[in-house]
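Each of the two complexes below includes chain A, the first together with chain B, the second together with chain C.
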Partner chain A sequence: MPQAPMPELTSSVKLKYVKLGYQYLVNHFLSFLLIPIMAIGAVELLRMGPEEILNVWNSLEFDLVQVLCTSFFVIFISTVYFMSKPRTIYLVDYSCYKPPVTCRVPFATFMEHSRLILKDKPKSVEFQMRILERSGLGEETSLPPAIHYIPPTPTMDAARSEAQLVIFTAMDDLFKKTGLKPKDVDILIVNCSLFSPTPSLSAMVINKYKLRSNIKSVNLSGMGCSAGLISVDLARDLLQVHPNSNAIIVSTEIITPNYYQGNERAMLLPNCLFRMGAAAILMSNRRSDRWRAKYKLSHLVRTHRGSDDKSFYCVYEQEDKEGHVGINLSKDLMAIAGEALKANITTIGPLVLPASEQLLFLLSLIGRKIFNPKLKPYIPDFKLAFEHFCIHAGGRAVIDELQKNLQLSGEHVEASRMTLHRFGNTSSSSLWYELSYIESKGRMRRGDRVWQIAFGSGFKCNSAVWKCNRTIKTPKDGPWSDCIDRYPVFIPEVVKL
Partner chain B sequence: MGIAQENRVEVKSMLTAVSSKPSRSARVHPFTALDNAMSPHTLHVIVYYPRSPFGSFDLDSVRISLSELLSMYPPVVGRVAKTPDGILEVKCNDAGLRTLKAKVCVGIDEWLRSADGHDESDLTAWGDMPEDPSTWAPFRLQINEFQGGGVAIGLSCPHRQADATTLTVLLKSWTEAQRRRCIVHPPSFSPLPSILTDDTDAVKPNSATISKPISTKTATATFRFSSSSFKKYIEEDGIFPKASPFDVFAALFWTRVALVKRKSHDRVCMCVDFRRLLPNPLPYGFFGNALNFSSLEMTNVADQGIVHVARLINDHVTNLTVEKIRSDLNRVGEQELMYGGDLTIVNMEHMIVEGDPMMYEAVFEDGVRPVHVSYRIGNVGGEGVIMVMPSPEKGFGRVVSVTLPEEEVSKLLVDQEILRFEPKIILSGVK
Partner chain C sequence: MGRSQEQGEGQGPIHSIRLSTVGAARPTETGTTHEPTGLDLAMKLHYLKAAYIYSPETARDLTVRHMKESMFMLFDQIAWTTGRFSRRDSGRPYIKCNDCGTRFVEGQCNLTVEEWLSQPDRSVDEFLVYHQPIGPELAISPLIYVQLTRFKCGGLGLGLSWANIIGDSFSLFYAFNFWTKAITGETIHAPIPSKGDRGFQSPNPTVKDPVSVKRIDPVGDLWVTPNNKKMATYCFNLSVADQISPHFPANGDNSIPVFEIIAGIIWKCVAKVRAEPEPVTVTIIKKDPNDLKPNNAIRNSQVISSVQVDFPVAEATVEELVRSIGEAKDERFGIEEIGGSCDGNLDFVVYGAKLTFVDLSGEDLYGARVMGKSPHSVYFNVEGVGEEGLVVVYAAAKSEERVVTVTLPEEEMEMVKLEFKKCGMIAP
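What follows is the complex of A and B.
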C-alpha cells in the first residue's frame, strides 16, 4: 500500500517542475534569445580589439548630414511615442465608511423585526431566515437608522440623511488622509444606483465642500453593483483628456429608500444581503503623485451582456402584486454571472496572462477547433497573472461560483468572504472594503497585481487590474482597524438561528 | 377625578437599540426562585432631566454610549425562552432593547405639578409577557420629550428580571459611559451566594404568571420632604438617636395609612435590598433581584406615636441577619403577590452611597442633574405600596411615593400629620 501513492506523488511533483520549467521558458523567451546573441557579440568585440573596431567604424563613411538626419529621426519617433502613450493613472488613496455601532444588525434583531412586520406571512419569514442562515453575513453588518424602526421609515429625508452620513464621512476621511484641499478637486464622480434625488448626490457633495465652479462632475445612477468600476473607467477617460488633474470617485448604495416592504419571496432576498457602506477614492494623473500613490491602473475591461434577454431581465426592479417596489432576482443569476465572467475573461486574458498561459490556451483552442471538438477547454491559470483577487461580495453563491470557475484557493477569496461577513453586500463599494482588508493584513507589496471583478444588473461584468505602486503598511485607522485581528473567521455553511 | 383625561403623552416611533459588540457565546441567564416569585410584577423607573441629552436621536452620541453599555448587559438585550421542562430563562441572543420615542404636550414643570399616577404610567412601556415571548422585548426604554426642553427617560422590565437597584445602576452606568468615565458598578451575573441558596429547592417551573387584575382603581402621589422638615421633627418631637429618615417617614406613613384604611392594620411587608447586608456583600452591580420581603407587626398602629413605630422599624431592619434573609428567601413561593399583598414599605436607603443618592448621580451633561426619579411597580396588590426614596438634595430629606386605592390617596393628601412636615406634593394630579 505505501508504494502506490508514492509514484503518484513523485509524478505530480515531476509534473509541477515540468510546468514551472515550461513557464520560465516561454515567459522569458526573448531573454533566452537575446542573452546568447549579446554574449556572442560582446565576445567578438573583445576579440577584435580597439584598433580593429576603429577601422570598421571609419569604413562606414558617415557624414554630418546623415548623422544629423538619423538623430532627428530617432528623436522624432521617440517624441511621438511618448506623446501618444496614455497617461499613467494613479490611485492615490481611498477611504471606506465605517458605520456607527448603533446601526449594527444582529441576526436576532433582523429576524425579530421581520416577524413583527410580516406577522401574517410566516412563510416569508421562514424564507428570510433560511437566506440569512446561509448568507455568509456576520453579526456586525449595518443597516441605516431608518430601517431600525418598527415599521421602517424610508422617507426621502431619511434617505438624504443616510447619503449625507456615509458620503461626507468617507470624504472627510479621504481629505484628511491625502491632505487634499476641496478646492483642488478637478473631477467628481458619484455613483449610487437606487437613490437619485434632485439635486443630484454629486451636487450635494459640491454644496457641502464648496468645490470649484468649473469642476467636472458626473452622477451615475441605475448602474448596479458594478458602477464602481464604471466610475473608475470614466475617471480614467477624463484624466486622459485633462492633464495634471485629479478625480474623486464616491461609490455607495443608499439602502433606506429601497428596503422592500412587501412579502414576495424573490424580492425579500436583497433585504437580507444589502448593507450600508460607501467608499471615496482619489485618482490622479499628476506626475507628482507617483511617489505617494498606492496603485497604478493597468487595465479596465467592461463587458455588457444586455443584448441577451435572459441576462437583461435577471435582476429586474418591479412592483409586486400589492404595489411594493422591489428587486426581483431570477433563479438563473449564477449561470448568467458565469457567462458574463467568461466573456470578460476572454477579453482580459490576453492583456494580463503571461505568454505561457496564452500559448497553452491557443494550442488548446486550435486543438478543439481543428482536431477534436470534445477536448476540454483549457482554463488559464489566473493565479499566475495576479497576486490578489477582489471579487464583488454579492453573496456567498457568487464567491463560491467564481472560486470554482477560476480555481482559486481559500486565501485568494478570503478578502471577499471576510468582507461579506463583516460588512455584508455593500454593492459598488465592496471592492474597496476588500482591498482595504488585504492592506490591513499587510499582504500588499510593491509590484503586486490586484484583480477587481464586479457584477451588476444589466447584466454586466467589469474588471479592473491595479498594480501596487509601493508596499503598503498596515493602516492604523480604516474600516478593519478594530477587528482585523479577529479575521479570518470560519464561516459555517449554515448558521443556526 | 372622574373627568376623562386625554393622553398627554404620544408615542411617536419605536425602534430596537442594539449592543455594540456581538455576545460571542450562546449564553443563557437563568432565573432564581426569588426572580420567579417577583413574576406578576413589572418595574418601571422614570428619570426626569430639565435638559435633554438627545438631539437628532438617530446619530446622537448618547445612542452610541447606550450601545456600548448594552454590550456589558447581555440579559438586557436577550429574549425570554422556555426550556423543554417549562422553566423560563433568558437567551442572550443580542436581539436588542426596544426603544420608544414619545412627545409630551406640556412642559416638565407643568407635568410634575399636574400629572397623576396614570399620566406617569404613560411615560414607560407597560404590557405583560405574551405566551410566546420570542419576539417580545422584556426591557423597554422610552424617551419622552417635554414641550420646551426637558426629558423623562423611562425604563421598564418584568420584575422577574431585575430589581430597582439593577435598573438604577444600569442608567447610571449609561451616563458614565456617555461622559467617558469609568463605570463604577459594572454588572455582575454570578448567581446568589450559596449561603442563601443552600436550603432552597431547585427552581420550580412557573405556573400561570398573570394573577387576577386588581379590582380597585389605584392612584399614586409623591411627597417630597426636605432635610429641614426632618430636623424640625426631631427638635419638636424628639426621637431616639439612631433613627434614620427612613424610620421616621416610614413610621409616619404607616400610621397615617393605617388610619385612613380604618383597619387596625397590624401587619406590613418590609422590602429591603440585601446586597450590602450579607457578610460578603454583593456588588451594587449584581444583576437580578436581591430583595428581602419580611413581615412586621404592631397592634393598633394607627394610635401609636411615630417614635414608637420608628423604633420598631429600626429594630426590624437592623436585625436582618443572613439567617433571616435565607429563611425569608425560602418562603418566597408562598405569597402570590410580593408587593401589595400586605401594605408594603420599600426601603431604598442602600442607594445612598457616601451621602450621594445613586439615581441622582446619573448625569449625562455636567450640571444637569435629574430633577426627580420615580419608581413604579406594576400589578401591585390591593393593600398598596409606600416607597421611601432618597431625595435629590443630599441629607435627611426623602421622597415618599404612595400607591393606594384612590380614596385613600385623596385622604392622605389632606392629612394634617403629614402636612405638618411641609412636603412638596408632586405627581398627584392636583390641578
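What follows is the complex of A and C.
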C-alpha cells in the first residue's frame, strides 16, 4: 500500500521546510532588512553619477575642528566599549583521572561484598542488587583501595591517600599537556564536597607542587555535584579582576570517608552509584592562549532553589538510627530536579536560543496568558542552540528525565550515558569525562557549542555554555583512550546479575 | 606435634587479619562460563594449600599494593578462576565467569622468619594459608584465597589456598611462578593458556570402577569432606643419602626411585599401625609425563593411579613395595566417567579414599624467585583429606633432601611417628 504513507511523508517534509524557512527568516532578520536597503542605496549611487556625488560631498562643508571632534568622539566611545567588555575566558585544556585497573569493581564483587558485610540484612542486599541492575553502570567503574576491604576501612589516612592519588595524577597530566610550570599558576580552586581536612586540599596541592606564595587559592566544600561549575564561575570572576592570569580548577569527590556503613535503604543508594574520579582544568584570560585554548566560556548561569524547603531537604546528610552518617536521597528528587532545570532554562534560554525560538516561545506565552490557558507550553528546541550536551551523570533517571524534558535524541545524551557506564557517578568531575568522550569520538569542531548542566544538593542547577575554539584532534591519551572503540555500548534496562 | 585441620580464620600467631578482593584487570564478556570436566568434579571436596616464605632482604620493600597489582596481571590470564560456582537446572556445577575475584588476606606475625622456621614441624605453615571451603552459598565463595603474612623482620609469607576443582597442584605452582615473575616485574611473554584441550591420554581406557575414588553421601552445597575422625598433619625433612638410601639395595647407576622408596617405607609404617584391615590398596598421584599441549594449562591432569598388593604389607620388603608401586594402574579415565555421571551431582573423595601418596618431587618449587631470590621455605598440603590419609613428597631447599607432609587421623599419628623413628625417618 504505497499510497497511504506518501501523504504523511510529503506533509512532514513540507513541515520541515516551512520550519527551516521560518528559522532562516527570523534569525537573519536584520540581514534580510539590510539587503534591500543596500541595494536601493547602490542603485541610487549608480544613478547619480560621479559629479553629482562630488557636489553632494562638497556641500556638506566639513571643517577641520568638526572632523577632529567627531573622530575623537568615535575613538572615545570605542575605547570605553573595549575597556568595559568582559575579558574572554578561555579553557586551555583539562585532564581527567583514569583509575588503575586494580581499583575496578565489577558487579559481582560489589554484590559479594554487600552480602558479606550486610549478612544480617538480606532486604538491604536485595535493594542494592535491584539498584545496581538498573543503574546504568558498567563493570569497569572504580572504588578507592580502602573500600575494597571487607568491611571497608575508611581511615583519615586512606582518605588523604585517595585525595593525593586522584588529584596529583590529574594535575601531573595537566601540567604535562599544557607545558605549564607550577610557579606560573595564579589562581587555584579545589572543590571536593564531602572531604574537607585541615590543611585544606588546596593547601595540599600548593605543598606538593611548591606553588607561589601569592597564589589566590580557594577550597570549596559541601557544594555537591554542581560544585564543578561553581568553581568555573568563581574562576571566571577572579579572571575578570586579575589581568593576564591563569586559573587551575580541581574537581573531585573523595569516596573513602563517605561510604555508608549502615543499612538504611535510602542511604545505601549513593554507595551503588558514586565512584572514584577527578578532573583538573586550566583556564586563562591571556591573549597568548587564544590560539591554543580548546574552548571559550560563553555563559554561566547558576540557579539555587534552596529557598524552597522541599528542595533544600531532598539531598540531606544525616545519621541513621545506629549513628552511621550517610546521604539521604528523597523520593521526589526527580521532580525537584525538573523544577530546578526549568528555572535555569528560563534564564539561559534568552541568552542562547536563536531569535526564531524566542519568538515562538513568546507567542506561545502570550497565547497561554491571554487567549487560552490550556494551550500546551512551547518547549524551545535547544538542539538549535547547541551541538553537544553534557548532562551530569548523576544516575540513569536524571539522564532519562532530561532527555525527555529537552526532547534530545539518543546521540545527544550518549556522552552522559557512556560516562555513567564507564566511570559511574564521579560527582563534579563527570562533566569533564563527558566532554572528553565527545572529543575522543572526534565530534568536536571549531564553533561547536557545548551545554554542561550540573545538579547538586541545595538544590542547585548550574549551566555552562562553551564555544569550541579550534577543531580538536582525537586525543591519544586520556581516560577514554583504551576503550573508546568499544563505545557506544548498548545498556540494557535491567542487567541480569 | 601435628596440627589439627580446621577451617581457618586467622588464628594462633597471625593477627590483624584484613580481607579484600583482587580480580582481573579486563572485564570478561557477560555470559561466559567454564565447564568442569568429570575429573574436576571428582576433586571438588579437596583444596590445595601452598605456603612460600621469603626472607626480609627479598621482601622488605614489597608493598601490599604492588603484590595486588601483580595479582591482577596473573588473573588477567586466568580470569575464569575469579568466577563463582553455580548449578545448572540439572544440578551440574559450572563456573559463572563474572570477575567476582579472589580473596586477598593480609596478616601480621610477631615472630621473625628465623624464629618461625626454627620449629621442626613445618606444619605450622598451615597458619600462613587462609582457607575457607566452597559453600554453603556457592555464589559468594571464592575459589582461591591468597594470604600475605608480614613477619616482624620484614619477611613475607605467601599462602595460596586453591580449590582442586579448578586445577591440580602442578597448575597451582605454574600460576604461583607466574605471579612471582609479575612481582619481580619481568615481562611475561607467554600468557597461561587456560582454554586449551583439557583431555588426557590414558593408557587404560577400560578401567570402569576406579578404586582410588570413594563415593560419599551428597554434601549439598558445602564442599567439605565429611570425616568421622579428626585429622592431624605432621611435616618433616628427609635426607636422601642418610635416611632413604639405606632402605634400598644400591643400584649400579646410582639412581634410586626416591619417591617410591619413601612411599614404600611409609606404607609399611602405616600398615604396622593399622593392623586390621591392612591397607593393601593405595593411590599414587603424580605428574602426567605425557601431558598434552598446551603445557601447563590450569586444569586437572595429574595421574591418579591405584596399586593393589596381595601380600601382607607390614612384613614386605621395601623393594617389593617399590616394585608394586611401579606397576600402578592409571585410573583417570574411570574417574572422569564416574565424576561426570548423574550430571555431576555425585560427591567423591580422592585424597584419602585410600592411603594416598602424592609425588611433587620433580617440581622446582624453589624456582619461584622474587627479585631473583628463592624462597626460604616451601610447604604444601591438601585440605579435605579422607580418613585413610595422605602423604605428600616434595623438594626441600637443599637438593639432597625431601620434605614429607603426612596427614592422618589424630589417633594414629603418634603411633605412626613411633614407627618412623624406628626406621630412622625422623630423629628419636
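Here is the rule we use: the second predicted complex is superposed on the first by the 495 of 497 C-alpha atoms of A that agree within 3 Å, B and C clash if a C-alpha of one lies under 4 Å from a C-alpha of the other, contacts with A are read in each partner's own complex, and residues count from 1 in each chain.
In this text, a residue touches a chain if its C-beta (ideal position, glycine included) is under 8 Å from a C-beta of that chain, and two chains touch if they have at least 3 such contacts.
Predicted model only: the values in this text are computed from it and were never measured.
Once chain A of one complex is fitted onto chain A of the other, the partner contacts of A:Y149 extend to both chain B and chain C. Using the contact criterion defined above for the overlaid structures, shared-chain residue A:E139 touches chain B and also reaches chain C.
Of the two partner chains, neither chain B nor chain C is touched by A:W480.
Of the two partner chains, neither chain B nor chain C is touched by A:F195. Contact with both chain B and chain C is seen for A:L116 once the two complexes are overlaid on the shared chain. When both complexes are overlaid on chain A, the residue A:F455 reaches neither chain B nor chain C. Within the superposed three-chain model, A:P106 lies in touch with chain B and with chain C [touch as defined at top].
Once the two complexes are laid over each other on the shared chain, residue contacts for A:F386 go to neither chain B nor chain C.
On chain A, the patch touched by chain B and the patch touched by chain C overlap at residues 100-102, 104, 106-109, 112-113, 115-116, 138-140, 145, 148-150, 153. Considering their complex, residues 100-102, 104-109, 112-113, 115-116, 138-140, 145-146, 148-150, 153, 161, 165 of chain A touch chain B.
Of all the residues in chain B, the ones that touch chain A in their complex are 13-22, 58-59, 63-64, 66-68, 79, 93-96, 134-135. Across the complex, chain A is touched by residues 18-23, 25-27, 65, 68-69, 72, 83-84, 98-101, 137, 139-140 of chain C. Chain A contributes residues 100-102, 104, 106-109, 112-113, 115-116, 138-140, 145, 148-150, 153 to its touches with chain C in the complex.
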